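Please see the structure below; I have some questions.
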């Protein structure tokens, strides 16, 4: 539980928030500021930046339900050392973002099987959707073998259609 | 034509090569080394790194057919200042790459319309495909208006079905 | 003032906090989470990542005293379009950081002249200093000419020895 | 020796070249193209990009004298798994680079002790120096212990004052 340090307590919203949608489904919301590093010479946010932001959203969503990359890597609880890996993405870049803006990364579970966690993620600025993606992630041991996701995540993520 | 400097002449393969496939279609090939910056703590290449590599492939492909980002940005030839922007991607991450490896980014035109250039891109290591993507790019002026692609690129890229 | 949007209000600590040190000097503190993107295959945080974090600290410090990159770029108030540029850095990497950790970037003004703003920045984890840097930044117009800093920043940053 | 694959042979200059300076000292030269990913909204190359480029120069210099990160990581030859880590940098950003340009990263050994390899690195465009840095690197085992450099590198790098 590497992250349970003092700074974590001092900055309560650092990992975003899990909110209930009107439908009852849970959604993770992470605010992100656009910095120099996120932009390119066109003046817009660089396209691969959205993938970094979505990865932050996924990591913080998992963190808030008790799953930590550092623990997976060291193989806590007798499990093989493992890491989440992206297997497939479908992406639409709808509108550009620019320096200084604040956007929100929204992450929700689309489906969970024994092998694949599918997330729907989008990026919003003031109620306008800038980006959306469907992301399939799998858990692999460091020598490349797929690991079961359902036992580890199923309890937290619950049944999904 | 900012890039026609001495270093460019001294390193002839720096922008990769355009090769003819058995079908007669042309394909751009760019070698890429895996450095520290491309990897993450899992030991694998970070997923968004492949998008940076594909962007290099697209840029060098365009460069070799005479289209330069710097010229587009300054609006050379009376055109509006403009930049290529990714609109849509479908991505599959098949196998991991690791530090020190050399991979090749392959880029070919899938289709070209007045508004959208669709590219098929994949990343290979020693004959094994690690990654593939279909990428829709558009040309937009810096205030966000779509620009016609066909007149500028059509002559170079030729007819495509 | 692009950033004064709804998301900004909803996440009050997003730009960190300015705190008074015992000496009376002000210091900006920004919490940063370590994500996949920040690490490399060694398992440690990639060295250039600290520069990205420090740039976030500088940007948010300036933001909190009313200076915005977007406004500088569009040349608000009749000024030439301009951007902050790093001129010189002295850096010491003391201890590594790792995935999932929360660190704090501390930024304070070391000196301010007509041309150069010198900042002292360090990165801490639970009271342990991981990194420190002295950073000289200048403001240049987009065609490369240095701009006076003192009139714009002097009022906010006050006299410094 | 992961990198001795077919792609490596097909692209002979991919790791740059080691050239003899008039003084007899050896210098490594690596060409680098400026892509979207390297720039920011100011239109200039983002400051931390130069650190990525220098790291590529260091890695390829070491590669050409027979030292490979992948081998160090797996602890080849009975050594502890280890990685090169930057300990200290002094950096001067002299002139900006822009999209599409080709620059060269020059790397030479300034000194080598049992613990620290000091490199002088600079970035040039058409005979103009854009950037220079002095970089101290050390070799650490993955649990953080410093490793001796001289036996491993001394034979290749020769005596230095």
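Going in written order, the chains are labelled A, B, C and D, and every chain counts its residues from 1.
One rule holds in what follows: contacts are C-beta pairs under 8 Å (C-beta built on N, C-alpha and C of every residue); 3 or more make two chains touch, one makes a residue touch a chain.
As the structure is a prediction and not an experimental result, all values here were calculated from the model.
K.L.:
How short can a path of touching chains from chain A to chain C be, counted in steps?
P.N.:
1
K.L.:
Which of the two pairs, A-D or A-B, is linked by more C-beta contacts?
P.N.:
Answer to which pair has more contacts is A-B.
K.L.:
Let me spell it out: compute each chain's centre from its C-alpha atoms, then which one is farthest from chain D's centre?
P.N.:
That would be chain A.
K.L.:
Between chain B and chain D, what is the gap in Å from one C-alpha centre to the other?
P.N.:
About 26 Å separates the centre of chain B from that of chain D.
K.L.:
Distance from the CA centroid of chain A to that of chain D, rounded to the nearest Å?
P.N.:
33
K.L.:
Roughly how far is chain A from chain B, going centre to centre by Cα mean, in whole Å?
P.N.:
Between these chains, centre-to-centre, one finds 27 Å.
K.L.:
Please set out, as single numbers or ranges, the residues of chain C touching at least two other chains.
P.N.:
Residue numbers touching two or more other chains: 36-37, 41-44, 48, 52, 55, 69, 73, 98-99.
K.L.:
Would you tell me which residues of chain A are touching chain B in their complex?
P.N.:
Counting only chain A, the residues touching chain B are 41-44, 47-48, 51-52, 55, 69, 73, 83, 85-93, 96, 142, 144.
K.L.:
Looking at the complex, which residues from chain B come into contact with chain C?
P.N.:
36-37, 39-44, 46, 48, 98-99
K.L.:
Residues of chain D touching chain B in their complex?
P.N.:
2-3, 5-8, 10-11, 13-15, 31, 33, 35-37, 43, 52, 55-56, 59-60, 63, 68-70, 73, 98-104, 125-127
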